[in-house]
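The two complexes that follow have chain A in common; it is paired with chain B in the first and with chain C in the second.
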Partner chain A sequence: MSNAPPTHAFSLRDLSRSFRYFRLDGLNLELPMGQIMGFVGPNGAGKSTTIRLLLGLIGAEAGEIRLMGRPVPEQVAEAKHEVAYVSDDMRLYPGATLAWHMRFVASLFPGWDGSYAQALLKRFNLQAEQRMGGMSRGEHMKAVLLLALARRPRLLVLDEPTSGLDPVARHELLAELMEIVRDEQRSILFSSHHTLDVERISDVIAFIDRGRLVDARDKESFLERWRRLQIDIPEGVTLPALDDVVEVSPEGRLARLTTSNYQPALHGAIERAGARIHEVQRMSLEEIFVASVMGSRTEERT
Partner chain B sequence: MSGSVFWALVRKDLYLMRGLVIAIIVAGGLAFVMMGFGRIGFAVGGILFLTANMAGGIFIAMLSVLTERVKNVQLFALSLPISGAQYGRAKLVSSWLTYGIPWGALTALVVLSLLLSPEADRGMVVYALMLQGFMLASFSVMLATLFLVRSEPLSGIAILVVNICFSLFMVKVNQPDIMGLMRTDNIIWTPFAQLMVGGEVLVMIASLVFVLIVTSRTRDHV
Partner chain C sequence: MISQADPRPLYLQVKEQIRHRIAVGELKPGDEIPSIRQLAADSRVSVITIKRAYLELELEGVIHTRHGRGSCVAENPDLGHSLKEQELDQHLAAAVDVAALLRLPEDQLIERLRQIRRGREDAK
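Presenting the complex of A and B:
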């Protein structure tokens, strides 16, 4: 292996894995160092499976995985020195205190930042001497996050960290995450089905649905390219097949056209066909996500 | 570096299980003392001694492997810089040590008492070693099963089967033609005793090898 620092926090090439009722199919995804990727998909889309494959927790049937420049699963232990993983279903030892967990993790990571851990303890309002078994779900998740962040990892993998939290705990957790993201130069893979959470912190967005990558690009590009047009299509007029139009659906007397690659030239094409554009709307990431997934499912069926 | 993580995981399990280890030693020790108080004391103490041994093994195997898996604490352990196979081996070593400490202490207590007490039949050392050997073999089988089986009901069935085997074993070793030969001042390794202890050692080795093969070949660790 070369000593040059890796250019990507991770890369997945043609990754496949089958289960009885689910298949992750030929997934290609990579995260350049220093970027924050929002990994968005509905429940059961394959987000956790992808992350577990990435970390060598489960094995792939085909494809290549590199984590911090190292092949997985062959060198996953070495790679994990620079990676911290937090999952919504991860639990700590219920009979041990948070202080014990902090000492335990500190003993394994030379880069453990004790003063940062103390600052996070205060910021998260956690009691170090409290046993994990007595902590609420939100406190537990904050404790897991503290243990991950104080390691100062180069890659932070967060699998649905806000799932199952009440709105207050979710807001607190995201606020702290935003703070951390602003302060730090690290790569983050943030998986969620809450597009609002993802939109707040991510540079790059990847959509996954039914085990297949639907789209992946930088957030601004997503928000710039997707548009929804309200158009008036008079009787007898039929729109021609237009490039990058994901959906045309009736909306009252008007029609709603969704495009994944908005260009001013689209106006001319619509108007030449005899239709009239009423309004061009920007779309939220959630709307883009839903349209993207629905478009992909329609494509799959045809 | 992975080596230090490996031993850190082993030490971690020993630390978290220390209460259970002490409880088994204390319960077994008290039961053993009780055995010195007449026939009833011997019977009740004997049952409690065996229960402390057997239940201790079940608890350690369950808490060490099954509970960690079911409660997803395993995800935290696997987030550390260790591979799934290394984690499995660390769990195997820590489980053996966690049970081995109280087992060793109680076995030593029984054997030394039999050897040093002027009133005891020294030949019963063989009986005690057969019994304690069975405990260790049962523990290793339960542990191996829990490494392989992922469902709680199946784990429960495995524990039940081991307990039934123990009852059958007790019926067999308490037959007068077997037990009678040991109630002497001489330590005699009868062919039956040799067969039993040899079988127990074989079961332990087979279970260990089985777990090592399973952990090295397992593709999915969660």
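Presenting the complex of A and C:
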């Protein structure tokens, strides 16, 4: 292996793993260095499973995993010097203080940045001498985040980092995440239900549902491709089959058409059929997410 | 301030903000503008969104990107004026869209504009 810095924080090729009631099926996903990936999916879609596979916490049945340029699981220990992972179910020693945890993590990781840790303590409004057991859910989450951020990892992996945080703490966290990518050699993968957060700070967005990747692409083209059209369909007129139309509803006179690949040519096709377009609306990431998950589920059934 | 409560997409808000800073003279022709990653961190908006905004501003001749040396405001003395004109066009385009929804004929739309203009002049 060469010593050149990896071009990608991670890559997953044809990754599969079966459980009794769930199967992660042929996942392909990669994150170029310097970017933030938002990983979005309903409960039980396979977000946490994918992350655990990526970090070598569980084994894959098929496929190839590279983390910071290194094969997983063979060299996962070396890769993890540069990777920090935070999940919302992470537990620290309840009897020990945050300061004790900070000294502990600092002793394990040479990249530990003590002055950054002190700055984060203030910013997150945490007390170093407080025992973990006495912290609220939000404080606990912020403490875990502090321990990960102060290691200055090149890849930060966050599983639902904003769950349990109040709006102020969430705002602080998003600001810290954006500080990280000032350096183009650092990357972040974060899973979230909070589509507003994902929409704001992600460069790349990946949708997962029922163990399969629904779509993954850069955020701007994601938002640019999806549109909702309000159309007036006079009596006797039926719309022809149109490419990339995910949904037309209701089937009445005033219809709402959702497309996953908006092109000006669509206007011509609709008007030639005898219908009229009232309005073309952009969609939020949440609306796109719901429409694309529903669309992929319908496809699966047919 | 980039807001998600604003119905305009984030990249457009970034573009408008830079245009506005040029229009009010806070940024002058030749001035350096923040790097993409710097503005992303400062406004807590993804790098790719800022990149897109800069790319479009460059194509519109508002900024100029020097390879490997960041971006600066284009050397165009007419800039402030043309930006105001673009703003006017955007408002007029929005008015045309609403008129189409109301199925208002063109002559009535123009007549409404005249009335509003007279009304505001009388108010002065």
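Rule of thumb we're sticking to: the second predicted complex is superposed on the first by the 277 of 302 C-alpha atoms of A that agree within 3 Å, B and C clash if a C-alpha of one lies under 4 Å from a C-alpha of the other, contacts with A are read in each partner's own complex, and residues count from 1 in each chain.
Please note the rule applied: a residue touches a chain if its C-beta (ideal position, glycine included) is under 8 Å from a C-beta of that chain, and two chains touch if they have at least 3 such contacts.
Quick caveat, the model's predicted, so the values are computed rather than measured.
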item: Partner chain in contact with A:L92 - chain B first, chain C second, else both or neither; value: first
item: Touched partner set for A:A175, first chain B, second chain C, both or neither; value: second
item: First, second, both or neither for A:I277, with chain B first and chain C second; value: neither
item: Partner chain(s) touched by A:A106 [first = chain B, second = chain C, both, neither]; value: neither
item: First (chain B), second (chain C), both or neither touched by A:L55; value: first
item: Chain B versus chain C as contact partner of A:H81, first or second or both or neither; value: first
item: Complex interface listing, chain C residues touching chain A; value: 4, 9-11, 37-38, 40-41, 44-49, 52, 101
item: Chain B-touching residues of chain A, taken from the complex the two chains share; value: 52, 55-59, 73, 76-78, 80-81, 84-87, 89-96, 104-105, 107-108, 144, 148
item: Sites on chain B touched by chain A in the complex; value: 1-2, 4-5, 8, 12, 16, 71-73, 75-76, 78-84, 86, 219-222
item: Of all residues in chain A, those that touch chain C in their complex; value: 34-36, 174-175, 178-179, 181-184, 196, 199-204, 218-220, 223, 278-279, 282
